[in-house]
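What follows is a structure written as structure tokens; I'll ask about it next.
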Amino acid sequence: MLEELRKRVFEANCELQRRGLVVYTWGNASAIEREKGLIVIKPSGVPYEELSPEKMVIVDLEGKLVEGNLRPSVDTMIHVYLYRHFEKIGGVVHTHSLWACAWAQAMKPIPCLGGTHADYFYGEIPCTRALRPEEVEELEKNTGRVIVETFEGKDYLATPGVIVAFHGPFTWGDSVEKAVFNSVVLEEVAKMAAATLTVNPHAPGLPAHLLEKRYQRKHGKNAYYGQPKDA
Amino acid sequence: MLEELRKRVFEANCELQRRGLVVYTWGNASAIEREKGLIVIKPSGVPYEELSPEKMVIVDLEGKLVEGNLRPSVDTMIHVYLYRHFEKIGGVVHTHSLWACAWAQAMKPIPCLGGTHADYFYGEIPCTRALRPEEVEELEKNTGRVIVETFEGKDYLATPGVIVAFHGPFTWGDSVEKAVFNSVVLEEVAKMAAATLTVNPHAPGLPAHLLEKRYQRKHGKNAYYGQPKDA
Amino acid sequence: MLEELRKRVFEANCELQRRGLVVYTWGNASAIEREKGLIVIKPSGVPYEELSPEKMVIVDLEGKLVEGNLRPSVDTMIHVYLYRHFEKIGGVVHTHSLWACAWAQAMKPIPCLGGTHADYFYGEIPCTRALRPEEVEELEKNTGRVIVETFEGKDYLATPGVIVAFHGPFTWGDSVEKAVFNSVVLEEVAKMAAATLTVNPHAPGLPAHLLEKRYQRKHGKNAYYGQPKDA
Amino acid sequence: MLEELRKRVFEANCELQRRGLVVYTWGNASAIEREKGLIVIKPSGVPYEELSPEKMVIVDLEGKLVEGNLRPSVDTMIHVYLYRHFEKIGGVVHTHSLWACAWAQAMKPIPCLGGTHADYFYGEIPCTRALRPEEVEELEKNTGRVIVETFEGKDYLATPGVIVAFHGPFTWGDSVEKAVFNSVVLEEVAKMAAATLTVNPHAPGLPAHLLEKRYQRKHGKNAYYGQPKDA
């Protein structure tokens, strides 16, 4: 079932490791087949060198196992929650990458300090509130919930990622490959913001007119970055 | 003697180098065969490229040489002391990994600032007190002693590592492979804590209800991380 | 057309990636053939693994496409502007390298704190002013303009690089290979300056007599660094 | 001439690059044949990939060329000066490694904050004074002079390295291989000290009784680190 998507999700998970975002099994990527309402996700706690497309797990939009011999990622209910509420996304990625986690543990949104950030995220990358004691029993589902809560009134496509308080980054995109891409970018941007504040704790932040221009030249309707087929 | 264990200890030492935790010969891993009361440990000061399973050294629970042509690690008496007092451990690892040493030289426990930490260490990773002048003659034995002293009233299995003041990290586990794993995690967590405080010197630290939940979902009796066989 | 130069520009772009200065497609190198007034530059947004000498794009000194099936780099007008105003340069490089971007986002010139810097840049590496709202419509052209403005009254050959406010580094040289070299050096120097200020926020900066000597022993008329053929 | 020593000096220079201490040509290693009063040193500004044992240059204790078709390292007179005044050393190494340069540019000695440092350097690693205007004409010779001046009343064998103000690290040892080793250790120690102060700006520094013990267990007459043949 979903053979092609299994391969892509497998590859996406491997790419996270090749990019240095993942230590041991600390990450997971998934993709959704919207028409069938099925999600392909990495199994929980299996070393990367033992992964294969066949070991990917398929669950439905309730998080129930549909196909696979292994338990799905412990964070599956977060992915499920995001697919249900962010209806235009096709892939979700979670890692424990160093600098994104640093901002998450610092309980601070990642400020937009320059063009590298603005090229891919339209303004600061928000940090969720912490889960409350009564919310931890359903830790994963409620993590999904606070992410969605954080984006109330915001465009989750223009800011395709978030850091979860005390936890780490989640990113998404129209495909799992794009979610991986955004995950790499988010880590670069998180590291660059920390480096910037080391050099100048009072860095002014990217002015609005530059944020607008930088973001639009890549993503606006008159975007002129890349080749026409990319547009 | 203990041919299989020699191989595992050899492999564990090599893994420390592959993971980037060791410069030159600055690290050592050991394992114990509890029934025979014998410990297999790396020889002292031998370059990694010259190591082999045969060169591992076997000592008893007094630290006396039982088999091998080489001197055991200079830190052998620390390992021995830990095996005698932490009766449920099967492996011990010591390195001079950068960020763990930074916290050790800073004389500060590594605070539990987020979920990555809580997934493997149940609360802060303690820092021992410094050895006193009268304790340095038996430097290694007394280093073992202050580690054990540091864990009085604490569960050494729930916090499988420590940083020794002015020195560096020691970790343990039910096997030498697990001790290596904990050593990698401790370094990641030490680095992430430092990065977090760079971003926010007033990072609040992980609330108790999240520490509890994060730790228990991986290690509690109803743990649901990983595959059933891992439980 | 310009077959040899296409190869060199292709190689220069690859070298940026090998040196770790580029994530994804975030960099571009170009060279100019002065007699013909033609510039060879990387195409926009094409993954490095798909690049080849044939895919390099040729534009003229107005930035108009002369040869190639792909769109040139989004930053082409910056390169063009520099070639028109810095008449002695043969190559230009732009990257989003971490520490150079950190200083650029911090809106601070990179101070000359020691000999490594002075060996290649004669004094601080300036930071441009930010573009004003009315300047963003022609973002790239005006970026070129503020770079040139920044060098008014300065010797752009003695300081072969700049950081653009909120953006990142641009370097140049008599050849594209030299521009790449300066790009690597600028990143090293940017990182070393940040590390220096971490250790001592009041680092005094390189005294004038040492700056003079260091720079001249490599670049002055009596330079004695390297082999005679290099002079 | 000195064929064997040429090979060793060549290898030592390559090792500096493999260890990540050298960018481009920014480093040099040399060895002395004391009986003949001849020094083998890297040529100036030659890329590492073009180096070979044959390209090493031989100079005498005045710094005069004895054999070789290439100019010796620009820092040759520093090496020469050290060999003349530190009569027990057999090898000298200079690099621009990041953290050692950071301390040098910060004009601060590297404090002895823990055991990793004390295992190889008996106390803080000193920083020279800056050269005065009247000293820059003979920059290299006077750099040698201020290093020797810095060690007046100190044991250059117990502290086999220094950082030169505004410049970078020099290390030495009884052989060129040992000088390379000390160069790697100095960089690790420099990085670890900076990391320590990031975590705790008031790190207390290694107490004298621990410094004494740590250094002596590796280097004292009753040293017990490593294998007997190493002693």
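A few points about this structure:
Note that the chains take the letters A, B, C and D in the order they are written out, and that residue 1 is the start of every chain.
One rule holds for everything that comes next: a residue touches a chain if its C-beta (ideal position, glycine included) is under 8 Å from a C-beta of that chain, and two chains touch if they have at least 3 such contacts.
Going by UniProt, the chains are A, B, C, D = L-ribulose-5-phosphate 4-epimerase.
It should be emphasised that the depicted structure is a prediction, and the values quoted were computed from it without experimental measurement.
Counting steps between touching chains, the shortest path from subunit A to subunit D takes 2. Rounded to the nearest 5, the angle that brings the Cα atoms of subunit A onto subunit B is 90°. Chain centres here are means of the Cα atoms, and by that rule the chain farthest away from subunit B is C. Because subunit C and subunit D share one sequence, their contact can be compared position by position; here under half of the interface residue numbers appear on both sides.
Annotation: 33 Å between the Cα-based centres of subunit A and subunit C. For this pair, subunit B with subunit C, the centres built from the Cα atoms lie 46 Å apart.
Along subunit A, residues 198 each make contact with two or more other chains.
Taken pairwise by the contact criterion, the protein chains form one closed cycle in which every chain touches exactly two others. Per the contact rule defined earlier, chains pair up in contact as A-B, A-C, B-D, C-D.
Of all residues in subunit C, only 23-24, 26, 43-46, 70-71, 74, 96, 98-99, 101-108, 130-133, 136-137, 139, 166-168, 194, 197-198 touch subunit A in the complex they form. Per the touch definition, subunit D reaches subunit B in the complex via residues 113-116, 181, 184-185, 188, 191-193, 195-200, 203-204, 206-207, 209-210, 212-214, 217, 224-228, 230.
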